[in-house]
Every structure is written in structure tokens, then in C-alpha cells.
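Every chain is named by a letter (A, B, C, D, E, F, G and H) in the order it is written, and numbering of its residues begins at 1.
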Amino acid sequence: MRNEDFKDNESLDLLRESGANILLTSIDDVINWGRKNSLWPLTFATSCCGIEMMATGAPRHDFARFGMEVYRASPRQADVIVVAGTIVNKMAPVLRRLYDQMSEPKYVVAMGACAISGGPFFLNSYSVVKGVEHVIPVDVYVPGCPPRPEALLYGMLQLQRKIETETIRSRKKRSASHSEKKSQ
Amino acid sequence: MACFLREPNSDLMSNEWLVLFFLVGAIFVGLVLILSGIIAPRSVNPQKFEPYESGIPTKGVTWLQFNVGYYLFAILFLVFDVETVLVFPWAVVMKEVGLTAFIEIVIFFLILGLGLLYAWKKDALVWE
Amino acid sequence: MNAGIPLSYFLILAAVMFFTGIYGFLTRRNLITILMSVELILNSVNINFLALNRYLFPHKLEGFFFSLFIITVAAAEAAVAIALIINIYRRFTTINVEDVNIMKY
Amino acid sequence: MRSIVKYISEVLSGVWSLLKGMKVTGSYFFRPSAIVTQKYPENRKDLVMFERFKGEVIMPHNENNEHRCTGCGICEINCPNGTIEVITKTIITPEGKKKRAIDKHIYRLSMCSFCALCVKTCPSNALAFSQEFEHAVFDRSKLIKISNKPGSQLMKGVE
Amino acid sequence: MEEHLKNSVTDGQEEYVLNIGPQHPSTHGVLRLVASLRGEIVTNIEPHIGYIHRGIEKMCESLTYPQIIHLTDRMDYLSAHINNEAVCLNVEKALEIDIPDRIKVIRTIMAELTRIQSHQLFWATFGMDLGGLTCFFYGLRDREKVLDIFEETCGGRMIVSYNCPGGLMHDIHPGFQKRVKEFIEYFRKTLPEYDQLLTGNVIFRERTMGIGKLTLGEAIAHGITGPTARASGFSCDVRKKEPYSAYDRIKFNEVLFTEGDTYHRYLVRMDEMRQSMDIIEQLIDNIPEGPYAVKMKPIIRLPEGEYYQRVETARGELGVYIISDGNKNPYRVKFRSPNFVNLSVLNMLSKGFKIADLIAISGSLDLIIPDIDR
Amino acid sequence: MTLNQLMFILFASIIVVFSILTVTSRRILRAAVYLLFVLISTAGLYFMLNYAFLAAVQLTLYAGGIVVLIIFSILLTSHISLKFEPVEWKKSLFSALAAIAGALITIITILDFTFSATNEAAREVNMRLVGKSLLSVGSDGYILPFEVISVLLLAAMVAAIIIAKKGGPKSTDTQTSNYQ
Amino acid sequence: MPFDIYDFTSLTQWIDTSLNDRLSPFWAVVAEMAIVGLLILVFYALIGLFLVYAERKVCAFMQNRLGPNRVGPFGIFQTVADLIKLLLVELVPIRNADKFLFNVAPFIVIIASFMAISAIPFAKGLHAIDLNIGVFYVIAVSALGVIGVLLAGWSSNNKYSLIGAMRSGAQIVSYELSVGLSLITVIILAGTMQLSEIVQAQSTGWFIFRGHIPAFIAFVIFLIASTAETNRGPFDLAEAESELTAGFHTEYSGIKFAFFFLAEYMNMFIVASIAATVFLGGWMPFHIGSWEAFNHVMDFIPPFIWYLMKTFFIIFLMMWFKWTFPRLRIDQLLTLEWKYLLPINLVNVVFMAFIVLMGWHF
Amino acid sequence: MSADNFNLEESIRSFDGDAIVTEGKQFTEITVHPEKLMALAMFLRDNSEMGFDFPACVSGVDYGNDLGVVYHLRSTKHNRTIVVKTRVSDRQNPVMESVTPVWPGAEYHEREIFDLFGIRFTNHPDLRRLFLDNSDGYPLRKDYSDDVNIVTK
């Protein structure tokens, strides 16, 4: 897929930092190549979207092609947490804990309307978290209810592109700035 | 005792080669660990260093309650391991020695088989 | 081969090991650690046997077989000892020698 | 003796059942033609969704940049989770009458649950589903869309 | 030293508690089981739920009846269609609307397809729970074929939102019948593979036979329904007992076993897939002509009163209890979800078994957590 | 210095350091791991002495058997936070003195004594020789101990099972559910 | 013998002499050690990477999928990417863990597999250490790996890990017996434990054919037991994903986890090599009785290739097992060993001895 | 519904005079005083004519002033369903007797009702909040409000 075919290139441009020196860039290239091609997801699914996530791993769509089939049950070994499904107030601390316990670098994909905004449960519900970004920083949003497997794959491609923009230096800054944003 | 680069039965003992592999393994692991420790990113937050238990703080102490199953098998293993070790030299010469060896081993196994039978009957072979 | 290493080196090493074991045996109060000290002692003896066999009687196998049997007997001993220790633990919920002494039947 | 026979037959039948399982997996291994994987980003060109596939709610516009939405707000009422927000304005028709018309038809893709109630209940059939599914973005605000295109107008003849 | 030792070396009487879930590969979602263990043997299970309690019942009180449907999809998302049907049937019953045969037949076919795909997923995840990872892939592979049928006709793969009070959202797709027939033909061929891979496998049988036995009396007293109850010999199939939609005009067997262990809970589902295929085959060729929806008022108000409707989802009896005060919103909606009730026997079933058995048992109950928590 | 001496120094220092750590470590599992290192180095010494078979026996039985058993029993009886209290200094001092005195006397004796080697040709201890000796009677035959060992093992096994089975609570029938 | 054309002995000897010419004996040895160490290290890493990739592809094909295919042609660089990633993952220090043991554990598992791999004959003359107790040595060393697992589980201070470690401990030690006994069956036939001699002895026919029934039974038992000893499915109780999340290495992250991962695959490679060497003739080509032409063609395939082919065949079998069967329960696992494999094995050893005694073997 | 319905009503009336038995749209409905609930429950289960052994559904209802519990019971023998209703008017501290001893299947339902409505069941084996934490209110009551979490249109 060419770059122009993707959506939301503007946000990506903002992330790209100019002026990194050549040496660092090629090191970054290697590192990012490794990272982006080996995203191991945490087995974390709360509801319906989780089934679609499973379907993404199934033969028809085959997550494995991207090297992402290594679902790790332990957050220590996982790189990306795909929040697939509704997060309710009781679950939020658990999610936060899981995210905290993951080892750096870690990424978050919010899959489905529930994870992005509460989705079908946005109105009138007394217990649903209206978007996981209130709990953990999100890298990519994949809307849909549930998003079909291709949509999730597309989201993962987006995440890969986001990883490509990272440099060794910027990663720390970025996560720091996010937590600042949260605390405000 | 030959190695890639050594004639068979050369004067050099193999022990240093074994140590070599030991060292290569140790250095390999150590270097990679140090390298990874230097270049990997780090982040600190209070929940991170707690044990993972499906996203819930651990309750109670982490230790296994006493369970006969585990160590009974360890003991049985030890006994049979001794037996295996002793059978190795026998197996090497079985072909040459012939009948004596055969009778020997039948007796040996019979006695041990008795032990196994005893354990079987005592339900020591059932994990609980 | 063992060229360049005098026999006494082996023996001294074994002696050091032996007395370390003795020290552990005297100071430790946990049954398992006591057992470990005993294993140290047995090992030092084995080293002695083998070194003497190799250096002084290389045409014979006595030392070799003695060590072999020591190891096998040690294994059997350890099996029974651990079984006992575990049983003591289950009865007294501790494997501390002194506590066991206090809590007689 | 019987118990020994039983023991052996147990072993053999167990092994046999295992072999049957291995036959299944093994037969697939040697038949790559059975692979059903679609290569998503590579097959993007010829990947056609089913026509009824609900990818996102859109407001179809014709070539004159006209849509059918009257701004009645029924879709907003029927939407179960506040995905749609209809902002109307008052315009003056050529006849000089004041009339309500759509200003912004805001559609929050991030919340839509694709229940199709809006599409179904819209009295003037102004809404439809598109088959687009590649929506993933880095910024949540990008998911709030305005369905009516800028400068668009109500189609003639739609009340 | 004595003090110190005593504190840390206990006699093992202290309770050893292990959390399984909420994030755990085998709880199929966010069920949290707090297991008290003796060694590896489970002495007590305390299910903690509510990690996905979304307050659907409360939400329903401020939604209209057509809007409720879209929430029921998300309870037991594997029986989405059947859940919708339950609400629709209840509303239609309250309004005393006669539903044309075409709608009934289509709903029945859809419901049976839903059941098949749900059981396929059960097979897949159950195999995975027991460590047979390949089952997972075969099950999902075949499930995709059903999802294709859904997507073609309903526009959604899993969350179909196909029913609405008074009928269906759209008519069936022209290619529907052909696709269904193709699927049945295909699945009749692949189902024996499931048996070869798992049902007959000696390891699988050893792992499941005699594990987690539920007796008939216990099943009834605890209100267990669905395949779980039928494995214990409790004939509770709503499709037979209180036929709705088109179930009164077709022939099928209620799959019943008496053993009630994990293996037979599994077998019931395997056989139900075959039964479902039979049902579909009976109906697919003679879908009556007619409208796909009854004309309804734009705003549906149920007459004051209480309405209870039960249907048989893939996991058991789903009861929808609606109290209406005559408004466009229901006064109170209660979903009697099968999983919620089935969960209550987990502790009883798994006591005295090992951790691995616990996983097998909870897998064989086929729990869907959002349905429990609602 | 030749490689041999290097090896010997390596092994010897590992043995000395870790055996001291074994008997002084305050964490029990660490002590077991130190013991493991000692045993492995001892196996290394056996290799040096050209008793490869015995070295492998040492690895299998000591390192892979007894240590595993010890670790098992530690895992069953101790908690990770368990740390021994330091030994009372008096006891420790006296034991240390006794041990050092003993060691000194022994070492002095060893150094004093002159060992005289035989002139007979060395025999390579290969497996065939070991096996044959194990199966023959006579001066170099060990058939009796070989068979006696099996009896010993039987006895040990029976003893271990009896002891292990006795202390525990009665094994309950686990295959039935406990529902009343 | 025709396959001498591929004999590595001359090459190695040439290197040896030329090194000895230039350097003092001490430094010559050191230089040789460096070369051998480096070679083995590279070999080890390559095999590890390849096996992980192979496993993913094999299971993908068994499951009707493609498997990794986007990183490099056919995805062959997938594991390289994984390696780079793992190297760059934070190593989480666990509070309350026993840090020393926590860090020692990966050393033990890796070193054990390193030491074991050193004794394997890859081809004629390509043999790091040819001990006269070869087979026994490999068993002895690879048994040490279990200690690493036990330590890892205990020192993580995590309940899943502890249970996983205990399970794997009980499992590995039990199955070690069957591995040993099934090898003894063949040693009776071979009359030696030296791996090179075992291979030579098979130049007239592989042991699995020569020993017919008992050898075949021993082979099957060895396969089962070694699969169990390497903690692979259906015996992967120590990691039992669906029960214990990640088992004994739950708390390990990044490269430390990778070591356990690598060690698992290397152990698999080691046992497969042993099986290939002991039962399938090692690097010996496949010969059929008197088919001269056929045998001649077979001889032209280099021994190293033969060895790899056989090893990978066994590895493939083990993968096949893993991706077909459900996992056993801990008590069934032990029952299988103690009530089935061990007694059968004991009888089998006697049976083999009897056959050798009567001279019924080929 | 069926011919023996009259019989059913009769026998219930004879068992408990105060119970109000009505013929609802679908099922026979019995309204009892909470104190009599337990006795009625035993009767419904154990009487062979009744045989209501299957607790199909237990729902809490907030009637505005009263809090009520509705039991849908089914008899597996006669394949017949009955509805039992009971109400308490004390909204501050509603107490009711648990029917878990009669129908073990009611245990979770009652916990749920306790969680969402705050009705306390005496004799319940394990009455704790099921879905929510103790700090939350009883959300399914009509007067529940939560400005933080609930967004309305």
C-alpha cells in the first residue's frame, strides 16, 4: 500500500521529527523495522470486538502474516495491547495495571466504538468508560462495531507507520508528553 | 577425544573444550543481557514491578502449598535415575558378555520392577 | 590430562571442601541445608578417591567404583532423607532442627 | 493375562486415535491449495465488500452536489447512542418562504454501532451505508465527520 | 528466628488463592475466577463478575423498542440474532401482531446458522483451552463461511442487527439460499474432521470424560439450561417445549445425554450442529413468499402489562421480561441470560478437580461474559 | 601455566568459593544453587582426571537428581521471602575455628606425606572396561555390589513411599465432585 | 567409502596443523577454541532463528494459513525482526523477586543446551567433542536445564510461575528416565556410547531397522519422552497458556524471555539430533541392501545434509504433535510416564537384550 | 391456560388465603406478602401437583414506591409456568427472605438484585455486590442518578 492510500497522514506528519542526524536515522530504521514487524499483542479481549480480533488471527485473515500471531498472555512479553471491547469502570484499573505492567515500548490500539468512545453504551450507561484514552494513552483508533478483520489489519498497518516515525530520542519524550496531557 | 580441529585421541583432554562451551554460553547470555540492558528503553511506574496475576493485585503469599504429588515423583525419579546410570555400562557390554549379562539384568530389573509394582499398588504413581 | 597438577592440590581442595561441609553441618539449623552440607562432605571424599586412584593406582579401578557406589548410595540416602524431612515438615510445619526437638511427639 | 491384553489394546487404540488426528493436520500441511488466507493489504484493489456491508453512514450526494436530507432530525432521535447530531439552519427559499435546511449533519464514526436505524427511518432516504472500512486514525477527532459536503444543497423534489 | 520462620513457613493450611482472569486467555473475556487451591486441586471457585457490566437493563429503560434490539446484539454476541429475535417476539406478542411465515422461516434459518457459528466457535475455543491450538483455526475457518452468509444479507458479520419488531431489516439477499446450501454441503464434509481431531482423540477423552459431572437434579434446581443441561438429561429445549417462529413445523431431535460431564456437554454441541443443519435443510428450499416486515407504527408503544418471552439461544434459555407502562420506553427490562445462570454451577462442578480441569469445565459451559454481566 | 592448570584453578576456586557460600548463604534456594555450582565443578574435575563416566554420573545423579530433589523440597517448604537469621557469632566462630583447625591439620599432613605412584601402565577407563568389571566376579569384579545396589534402591524406594504416604492427609477421591 | 569425499577431517586437520605451525601450542589451542566457539555460536543462533520461523510456517500450513510472509521473501526475516525487537524491550525488574536467581535462570538453560549441542556429530569429522560416553553425556547435561526452569519459576514470586515450574520439574525429571532407557535399548545393539562409533556402526543399516521391533518401540518412546522433556505440546504444561498464562516465564520480558524461548527450540534440536544420530544413522546416507546404483546416488548427498534432513524430519514430527493434540493434564502426564512408558521401556530393554543375545537383530 | 389452571389457583388460595392470584396475560400470577414467601416457595416446589422446581427467572422491579421481586417459576413435570410477585415498601432498607434454600439457582439472581436494587435477602448464603463496588449506589432504582458517568441526550 502506498502512503497516500492511508488516512490521517496529517497526524503522522506532526509526529515526524525533522533534523535527526543520519547515523541515528539508520539505526532508527533498523530498530523500527524490528519493532514494527514483530508486534506481539496481549491476549486481551473483553467482548464482541475480541471475537473479531480472534477472527483476524484465523486462517481467513491471518494476523501471522504480519508476524503478530504470537499472542502473549503475559503483559511482560507483549508489545501492543489491542483494547477490543467495552471497558467498564470496574475493569479500568485492571486495564491500567496491565498497561503499566507491559514492558517498554508499548502501544495501544483502541478497537471498536466501545474502546474509542463507549460506542453503543455512550448514552445512559452508568458504568461504561467513555473511551479508553481516559485510562491509557492510545496510539491508533480503529472504529467499527465491531471493525471487520481487514479494518483491524488496516489499523495495525497504521500502527506500523506510526512506529516508523519514532526515533530513539523521541520515544521517551512522546510518552512523557502524553502522561502530562493526561494529568491535566 | 576429537574436536573439529583436533585429531582423535590427541593428548589434549576434552575438559577444556567442555569449559569452552560453558564459557561461550555464559558470555553469550551475559553480553546480550548487558547489551539489551543498555539499549532498551525504560519506564517507571509503581504498578509495573508487582507480580502479574491477570491484572489483579496478588492476594496472599506466593508459594505452593504442600503437595505430595510433586516430590514423591522426584524421589521415585532419583531411584530410577540411579538405576539407569548403572544400566548404561551394562548396556555397552551386553553384546560381548552375553548370557551372564542377560541374567544379571533380568534379576536387576525384577528387583526394581518389584519396587515399581509396590509403588503402583500403593498408588504412589497417581498424582494427587 | 592432569599434567602439571600435583596430587596434593586435589587433596587440599578436597580437605577444604570437607571442612566447609563440617562447618555448615555445625552451624546450620535447617534440615535441608544440613543435608546439603553432608553432600559437600561426600563430594570431597569422592574427589579424594578419584585423585588417588588416578595418580597412584592408574591401573586399578577401586577408587572409581567406590566413588560410583558412593554417589549411588548418596542418591538413595538423599531420597530417604528428603522423604523424612518432608514428613517432619508436614508434622511440625517446620524443618528447623531445634524446633523439631522442642516439639517432641 | 486379560488385564495385560486390555493394557495393550488400550495403548494401541489410543495411538490409533492420535494418528487419526495427525492425518487431518498432516493432510492440510501437504495441501497448500487448501489455504484460505486472503492477503489484505495486497489484495486491496480487488477486495470487494458485500453491497450491504455497513462500513460507515454516509449521505450520498449526486453529481450536482445535492443530497436528500431535509434536516428533519428523525435520524438523530432514532439513533440509540447520540452518534448523529443534526444542526439546522433556516434558509430562504427562492419562493421567499423560510425553510429549515441542514447546516451540518454531524456523524461520529467513533460511536456508531451500525444498527441501521438512522438509515431505515430517514423519511427521505438521505442516508446510506458505504462499504469503506479503512478508518483507523491516530487522532480521535478525525472520526467526527460531517456527512453533508460543503456547499451541498437539498435535492430538488425532496420534501 | 522462630517467630520469623513461623510466619513465613506455614503448614500449608493457609489458603492459597490464585486469580484466573479478568485478563486470561481461557476465561473468554473478563471473567475473574478466584480459585482457592490445595496444591493444584481446586477447593473453591469464586467467580467475580462485573468486569463488563455495562448496565444494559438500565439503558433499555431510556430507549425505544427498536433501539433495544441493538443492545441485545451485544449481550450474547455469538447468538446476536437469537437475542434480537427474543425481544422482537416479545414486542410482537405484546402488540398481538401476526407475523407472516416468510419472516418466521427466515428468522429460524438465521437462528440456526447463528447456533452453528456459535458452536463452531465453542469447538474452536474449547480445543484451544485444552491446548489443541489447531482446533481454534479450523473452527474459525469454517465460521467465516457462516459470517459471509450473514454479511451478505444483514450487512454485519457478527453483530447483525437483522431483526426489528415486526419483521426484518431487509429481505434476504438473492444469493442467500445458494450460499446456505453451499455452506451446508461444505460443513457436512468438514464436521467429521472435528471428530477426528478432537472427539475421538484419546487425550481429549481422558481430559473430559467424567470431569465436572452435573446431575439432572442439580441442573434443574440451579436453573441450568441449554446444552449444559441437556448433557445431564434435562429436556429443556425451548424450541421443543414452547415452539416459536417456525420451530413448530419442523422435525428435529433434542439432543439429550445423561452423563452430564464435560465430554457430553461437548457432544451435545457437536450433535446440535448436525441438528441445526437438518433444520436449515428442511426450510431453505421452501421459504414462503411474502413481505419481509409488517408495517409498524413509527413509534412503538406496548400496552401496559408484563411480557415474558423465552427463546433458545446457543447457550440456553434467554428470557426477556418486559414491563411496560404504555410508554415508548419500557418500564423495566430484564434479561434472564443463560450464561448468568450457568455460571452459578461452576464452583460446584469444579470442586476437587485440578486447575486444568477447571479450564475444561468452564470452557464446556461455553460462557459469554458480556451476557452474564449485561 | 598450561591450560590444565588454568582449568584446575578455575574449578578449584569455584568449588571453594561456592562451597563456602553454600554453608553461609542466608537464602536457602541460593544455597542450593551454589551447591549446584560446586557439584558441576566437581564434575569438571572428574573430567580432568579422565573419569568421564563418573563425571557424567555426577552430573546426572548429583546435579540433575539430588539437587533437583533438594530444590523441589525447598520449593515445597520455603517461601521466597524466607531468610535465615544470621548464625550466632559464638557458634559460628567456634565452628569456623574447628573447621579451620581440622583443615590445617589435614593439609599439613597431606603436604608432609610423599605419595608414591606405581609404575604399572595406566588403564584407560572406558565404558567397556567399566561394564565388564560390573559384570564379573573376582578381584576386579563388582557384580555383587551391582546387584546389592538394586536391593538398596528397592529398599530406599519402599521406605520413601511409606514415609511419604504416611504423613499426609488421607487421599480423597478427587474424581467426584464435592457437591452435597 | 564413497562419502569420504565429504570428510571434514582433512580440512580440520589442515587448520590444526597450520595453526600449530604459526603459534605456540597454548595459543594454537586458544585460537582453535575461539574458532570453534564462534562457529557453534553462529550455528546455534542460526538454528534457533530458523526453527522459530519453521515452527510458525509449519503450524500455519497445518492450519490453512500462510504464516509470516511480509518480512522478506516468504517472511524469512520474521524472526530476525523478532530478535531485534526483543533485544530492545525493557527488562522489567520484578519487585520482591530473588534478583540473583531470576537472572541466573536463563544462564542455566542456555548453557545446558550449549553444552549438550557440543557433543553432537554433525558430519564425519565435524564433531566438537567426541566423548566415549557421548549419549550419556548429552542426557546428563540436558537434564540440567530443568534447574533453570525451577529457579525461574520460584524466583519470579508469581503464582503462575511457581505452579508452572513445579509442573515442569516433575515432568522433566520423570521423562528423563524414559529418554535414558530408550537410548539404552539402542546402546545394547550398538555396544558403545560414543556417538561417532554409533554412527559408524550404522553404516550397514540404521538401528531403527536393524533392531526391528524393540528398536522401533524405543524410537517411539524416545519421541514421546523427548517431546515431553523439551516442554513442548502436548506436554507444554509448564507454559500451559490457557491455564497459567505464560507459566514459569510469566515475569520474564524482552531478551530474558527470548532465552527461554530459544532454549526450548535448541533443546528440541538437540533431542532431534540425538534421535537422528542414534536411531536414524546420523549423517549416514540411506542405503538399501544391494541397490548399488541407488546407494551410490545417496552417497553423493553430503553427510551434513543427511544429518540435517533427519533432524528436521524429527523436529517436524514434534511440531506435528504439538499442533495436533490437546494438552495432557499433569496427573495424566505422570501416569503416562510411570504406568505406560517406564514399564514398557523396562520390558523393551530386556526384550532387546534377549534379541541381541539370540542374534536375531540384523 | 390449561384446563387444570383453576385447580392451581384453588390450591394456592387454600394454601395461603392472603395471596392474590390473578390470571395474567401469559401466566398465572401470585402476589404474596414477603413474609409468606418462603412458605409459599416450599409449597410450590414440594407439592407434587405444583412441582415448580425450575427457577427460570428472578427479577427485581422498582415500582416507584415499592421495590418488588418477580419470580418466574417453571415446573419441569407439568411444563407450566407461574409468576410469583412480592413487594416491600421500605426503600431505605428493603429486606426479604431468600429463596436460595428452595431453589439454589436463585442465588445469583438474588445477588444481582441486591446489587442493582439494594434489596437485602436474609438467609442468603453469600450476599455481596455482584457487578459493582460497594461505593456505588443501586443503579436500577428509578431514582438513581449519577452525573459523572451517565450521559444523556
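As a working rule, a residue touches a chain if its C-beta (ideal position, glycine included) is under 8 Å from a C-beta of that chain, and two chains touch if they have at least 3 such contacts.
Just so we're clear, the structure is a prediction, and the values are computed from it rather than from any experiment.
Undergrad: Quick one: how many steps at least from subunit B to subunit C, stepping chain to touching chain?
TA: 1
Undergrad: Quick check: more C-beta contact pairs in A-B or A-G?
TA: If we tally the C-beta pairs in contact for A-B and A-G, the bigger total goes to A-G.
Undergrad: Suppose chain centres are the mean of their C-alpha atoms. Which chain sits farthest from subunit A?
TA: That would be chain C.
Undergrad: What's the chain with its C-alpha centre farthest out from subunit D?
TA: Result for the farthest chain: C.
Undergrad: Using mean CA coordinates as chain centres, what's the gap between subunit B and subunit D in Å?
TA: Taking the average C-alpha coordinate of subunit B and of subunit D, the gap between them is 55 Å.
Undergrad: Report the inter-chain centroid distance for subunit E and subunit F in whole angstrom, where each centroid is the mean of the CA atoms.
TA: Each chain reduced to its C-alpha mean, subunit E and subunit F end up 58 Å apart.
Undergrad: With chain centres taken as the means of their Cα atoms, state the distance from subunit B to subunit F in Å.
TA: Between these chains, centre-to-centre, one finds 15 Å.
Undergrad: Give the residues of subunit A that touch two or more other chains, as numbers and ranges in rising order.
TA: 58-60, 62, 65, 73-74, 76, 90, 94, 98, 101, 104-105, 120-128, 145, 148 - these are the residues of subunit A that touch more than one other chain.
Undergrad: Among the residues of subunit B, which are close enough to touch at least two other chains?
TA: Residues 12-14, 16, 18, 40-43, 48, 50, 52-56, 58, 61-64, 66-67, 69-71, 74-79, 81-82, 84-86, 88, 91-94, 96, 101, 112, 119, 128.
Undergrad: Taking each residue of subunit F in turn, which ones touch at least two of the other chains?
TA: Answer for subunit F, listing residues that touch two or more other chains: 2-4, 48, 50, 52-53, 57, 60-61, 64-66, 68-69, 72-73, 75-81, 84, 127-128, 130, 149, 153, 156-157, 160, 164, 168, 174.
Undergrad: Where on subunit E does subunit D make contact in their complex?
TA: Per the stated touch rule, the residues are 63-64, 66-67, 69-71, 73-74, 134, 141, 144, 148, 151-156, 159, 161, 164, 169-170, 173, 193, 196-198, 200-203, 298.
Undergrad: Please give the residue numbers of subunit E that touch subunit G in the complex, ascending.
TA: Residues in contact with subunit G: 16, 18, 24-26, 40, 127-135, 137-138, 141, 197-198, 201, 203-204, 206-207, 354-357, 359.
Undergrad: Quick one: in the complex, what on subunit A touches subunit G?
TA: Listed in rising order, the residues of subunit A that touch subunit G are 30-31, 33-35, 37-38, 58-59, 62, 64-67, 69-70, 72-74, 76-77, 79, 101, 103-105.
Undergrad: Spell out the residues on subunit E that touch subunit B in their complex, using ranges where they run on.
TA: It is residues 8, 11-12, 14-24, 32, 34, 37-41 of subunit E that touch subunit B.
Undergrad: Can you list the residues on subunit E that touch subunit H in the complex?
TA: Per the touch definition, subunit E meets subunit H at residues 49-50, 53, 55, 57-58, 62, 218, 220-224, 234, 236, 241, 305-308, 310, 317, 319, 321, 323, 332, 334, 336, 340-341, 343-344, 373.
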